[in-house]
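Structure first, commentary second.
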Amino acid sequence: DKLDDLKEQGYVRIAIGNEPPYTAVASDGKVSGAAPDVARAVFEKLGIKDLEASIAEYGAMIPSLQAGRVDAITAGLFMKPERCNAVAYSEPILCDAEALLVPKGNPKGFKSYSDIANDAAAKLGAPGGGTEEKLALDAGVPRDRLIVVPDPQSGLKMVQDGRIDAYSLPVLSLNDLLAKSGDANLEVFAPVEGAPVYCDGAAFNKNDTALRDAFDVELAKLKESGEFAKIVEPYGFSAAAAMSTTRDKLCAAQ
Amino acid sequence: MDQPIIRIQDLRKSFGTLTVIDGLNFDVMKGEKLALIGPSGSGKTTILRILMTLEGISGGRIEVCGEPLYHMQRHDAEVAADEAHLHKMRRHIGMVFQHFNLFPHKSVLQNITLAPMLTKGETRAVAEKRARGLLDMVGLADKADYMPSQLSGGQKQRVAIARALALQPQIMLFDEVTSALDPELVEEVLEVMKRLAAETDMTMLLVTHEMGFAHDFADRVLFFDKGRIVEQGPPAQIFTAPQEDRTKSFLRKIIAAGQRV
Amino acid sequence: MDQPIIRIQDLRKSFGTLTVIDGLNFDVMKGEKLALIGPSGSGKTTILRILMTLEGISGGRIEVCGEPLYHMQRHDAEVAADEAHLHKMRRHIGMVFQHFNLFPHKSVLQNITLAPMLTKGETRAVAEKRARGLLDMVGLADKADYMPSQLSGGQKQRVAIARALALQPQIMLFDEVTSALDPELVEEVLEVMKRLAAETDMTMLLVTHEMGFAHDFADRVLFFDKGRIVEQGPPAQIFTAPQEDRTKSFLRKIIAAGQRV
Amino acid sequence: MGDWAGYLTLILQGAWVTVKLTLMGSALALVVAFIAGLGRISRRAPVRWLATAYIEFFRGTSIFVQLFWIYFVLPMTGAELTPMQAGVMALGLNVGAYGAEVVRGAILAVPRDQLEACVAVNLTRFQRMRHVILPQALPLMLPTFCNNAIELLKATSVVSLISLSDMTFQAQVVRSQTGSTLMPFVTILLLYFAMSSAVSFGMRRLERRVTRGLDGVR
Amino acid sequence: MEWDWNFAWSIMPTLLAGFRITLVATALGAIVAAVLGLVFAILRRSPNRLVARGTGFVVEFIRGTPLLVQLYFIFYVLPDLGLRLPALTAGVIGMGLHYATYAAEVYRGGIEAVPRGQWEAAKATNLTTRQTWLHVVLPQAVPPMIPAMANYLLAMFKETPLLSAITVLELMNQAKSVANSSYRYVEPMTLVGVMFLVVSLISVVALRWLERRYGRISR
């Protein structure tokens, strides 16, 4: 089966995003970050030593998985019912709430997506097809005020340039982004009111549930041993949050 | 009498709706030198091009060296010739063009040896030997390694003649071979052709506007108009005692324009 | 004696390292008809092109209608002419080209009226009236609304002559105006030019390979070789009793090639 | 903020991927261009149709869509390609379609006279093409091929769609990791320009070699 | 992944909305390219060496670098220099600038294809430089350019997906959005491909017609 194939092959191919702190690429090109680090630890336990991580656009990840180009996605791709139908998720790994990147002092006082929907002049940036986009649309932000931003750095730049009034990503992503930019004129508002906390999991092809189950077993051991917390907490993620919920709950949630 | 080497029967040729040759008949004997004259657009070039298989025919029949040119036997029936048949028949015929059509990327020598080496499988040595002989004949022995672009028009045309001769065809077609040349260069080409006509028993068909040359060169002159032979006969008769009005008026105009010193 | 209308003094012209004209001197009188003959490459075309200001000069001096062509006065010094000066001088000169150079996107009539309307500010009515007169003269009154592509070569050339005449220049330059024509069409153009030469007192410079025409047309013939005048004189003398060997050998070759019926 | 030298290396790694894509893509495009270009003027109608369909399809749809199909849809039919192979294939087939028209155009631009001279000296169809037509058509193709190669170089930036770490993609990574927008983009602009200059320089030299001896012909 | 007609049908309105933006961007970009291209072509012929060379370099630079990177530059870097353009405007300017360098070549080719004899005839009939351009050269140079220009118009149309990188919600971006939120990729991407193909095939027919109509001028 798939696990044996991977063991034989000696490495596993994972897709990751280009979004610290989920992913970090050092100046020597070495890939780290919370998502690949957890994946590396689990796969090592499964007897697969090497990780071949490739950075992909969020939009290309699920097709890559379905086309068999990667064996798993560990990229902060949050679990949602539709996604649970498209891929086979592991148990939760990285949890985060939604946040807004706004100018210092949050001049327009945005606290929730509906605040933005109610301000007829406000423009919100979010990744295309991401959780934030969906939440904003559900809160009534019209399509033409919801700008599809290709990557976090572009989102930051657009807030700085005043092209959008707020940019929405998970809390940790925005914190990292803001820290790197060193821009004192911006701030992160978190968490967005009314938006749930989301968790991602490692996503596998629907046909590879056996592999996914094996992954889950090792992941659970990792969580138990405390090793898991040691990996994710330095990046700012809460191990407790991940351990307090389950895939079934997240996949059922609306 | 001998079998004619070219036999044209009821030849028809149209371009789209324009009929250029309509029911043409004539024979050419082996070794005969024929001059085709006539006004512009009368179909002279078209006849040579048909003989060279550069143009298909619309009707009629042509025999070259006793074999049909545009037809062939297959399973007891005569069908339209395929490329292989045409290829075989083209061995008999060579052509020299108004604009020389040398291969610009090959040297003079290569222009002459290319076809014998490729089509007859001659070795380079054999092909080059004959090529040098031919260059000598056309007076260009020292230009073997020049590129065509380095030659004058007259020299180019002499190379083109040598190239056609290299394949040793039985029939040579010349289409206004001097009309693209500067007046001073015409003579050297006509010189070569005159010698060729005198020295070989090749059958030659010549289209020209140089009436003086047609006169000296040909055994028989065909005067064409609108794709038909209006008048034919030995040069002495056509040029000095033409019978038809159309021939007379044509010759009068040509003389008025050409004979001016 | 009158002041010459063209005065060429010590003219030099090089293309890169190639010197084409090297120290040429001659004058042309008002109303004179000059024929320039000589072998290919001897610089005949170049002289006409220089007079038409299509080519700059490398040295020497030219005066046209008493004014320097390539020089002008500025602050008491003579300096190289600018475009404005050239524009002014070009009023005196018209040229007919070997390849007609009609404007393909304009009708025959528009080809003739364009320049008078633009450069002399003539009204359409005036320009068209003269244009029709000129078309009548060249025998093309019925072709005014044709496009150039619908005309034969001879007709095109006659339109080109009319176009040049429409500006009423004092000097007309003709560069081998028949050599791109089919032999049968040459006559109609020469006819027009002969009439023009007889009827006007325009100064005309003609480059030609038609020795017969040069003979009938010119008051004086200049024989060029390698950018210099080898021999000059009235046509009767040049064509029947040339003095220089170079002239003799040139004429012999031309005659051999041209006079053949 | 970080270690520029290190991130520059990252961009240079991307540059290497871009170079490889350009070279292999161009090689594929060249082969395809000749096959399809000759197919376009074949005597056999089905060959002509096939070539025309290929050319119109690849010129007609956007390279993004082609890349997507080759990378994501083709594997479902069982053909497994590495991202590099898919990238090379998309670029090569796309630019090859344009090249095919260049090949066809250049062959048709060789004066008809030349073809007639070949018939008159009785060369076979293959001999005509091989010894007379193509040697004269080649110099006509080169300048456009040069442009096509540069187009291909520029098109490599779209392979980031299929997670190939080419230069543009690496610049995006560096941008995310360092928070600087100006530096990575200026760097890759200069690198792209250097590459395209190198392509035109090389092509010009090649052109000079091929056209030697053909001066004054056209 | 199986093809789902219902789904394909349901996303059509969204895609068509994107398609409209694509067409608008192409049309505006084409106008910018045509005008700017003429400017480049004229500047490159300038008698002032510095202007001619400088323009030449700019044109070569723009032509030697990817449009995608140029768009990033215009959209994300220019605001630092105080110029903040709306996304569509930035896209139109970026595409227009990029294709202007191609248009400049077409203009140059068209002008050079006017035979020297025409310039000389204009001089011999004593037209001024301006009159020569206006009445002799351009009327002959422009019609043969039309097919080549139309070709680049089509090329530009097919490059509009790049605009998604600077947040213009054109056809490809809409398709990606749809795909990302539905996890169905085959339908939107294929539909995008079909839309491009349909437009291109229509354009090919139109191009053939243009070529026949304007490609050759009889002399």
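As written, the chains take the letters A, B, C, D and E, and residue 1 is the first residue of each chain.
Assume contacts are C-beta pairs under 8 Å (C-beta built on N, C-alpha and C of every residue); 3 or more make two chains touch, one makes a residue touch a chain.
Keep in mind that this is a model prediction, so the values were computed, not measured.
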Shared touching partners of chain A and chain E are D
Whole-Å distance, C-alpha centre of chain C to that of chain E, is 47
In whole angstrom, the CA-centroid distance of chain A from chain C equals 84
Whole-Å distance, C-alpha centre of chain B to that of chain E, is 52
Chain centres from averaged Cα atoms put chain B and chain D apart, in whole Å, by 46
Shared-interface residues of chain B (touching two or more other chains) are none
Chain A residues touching 2+ other chains are 63, 66, 157
Multi-chain touching residues of chain E, meaning two or more other chains, are 1, 76, 185
Checked against the stated definition, the touching pairs are A-D, A-E, B-C, B-D, C-E, D-E
Residue positions on chain A within touch of chain E in the complex are 58-59, 62-63, 66, 82-83, 85-86, 125, 128-130, 133-134, 147-150, 154, 157-158, 160-163
Within the complex, chain B is touched by chain D residues 113-114, 116-117, 119-125, 127, 131-132, 135-136, 213-217
So, in the complex, the side of chain A touching chain D is made of residues 15, 18-20, 24-29, 54-57, 60, 63-64, 66-69, 151-153, 156-157, 177, 180-182
Chain D residues touching chain E in their complex are 56-57, 59-66, 68-69, 72-73, 76, 150, 154-158, 168, 171, 181-182, 185-186, 188-189, 192-193, 195-197, 200
The answer for chain E against chain A in the complex is residues 1, 76, 79, 84, 86-87, 164-165, 167, 169, 173, 176-183, 185
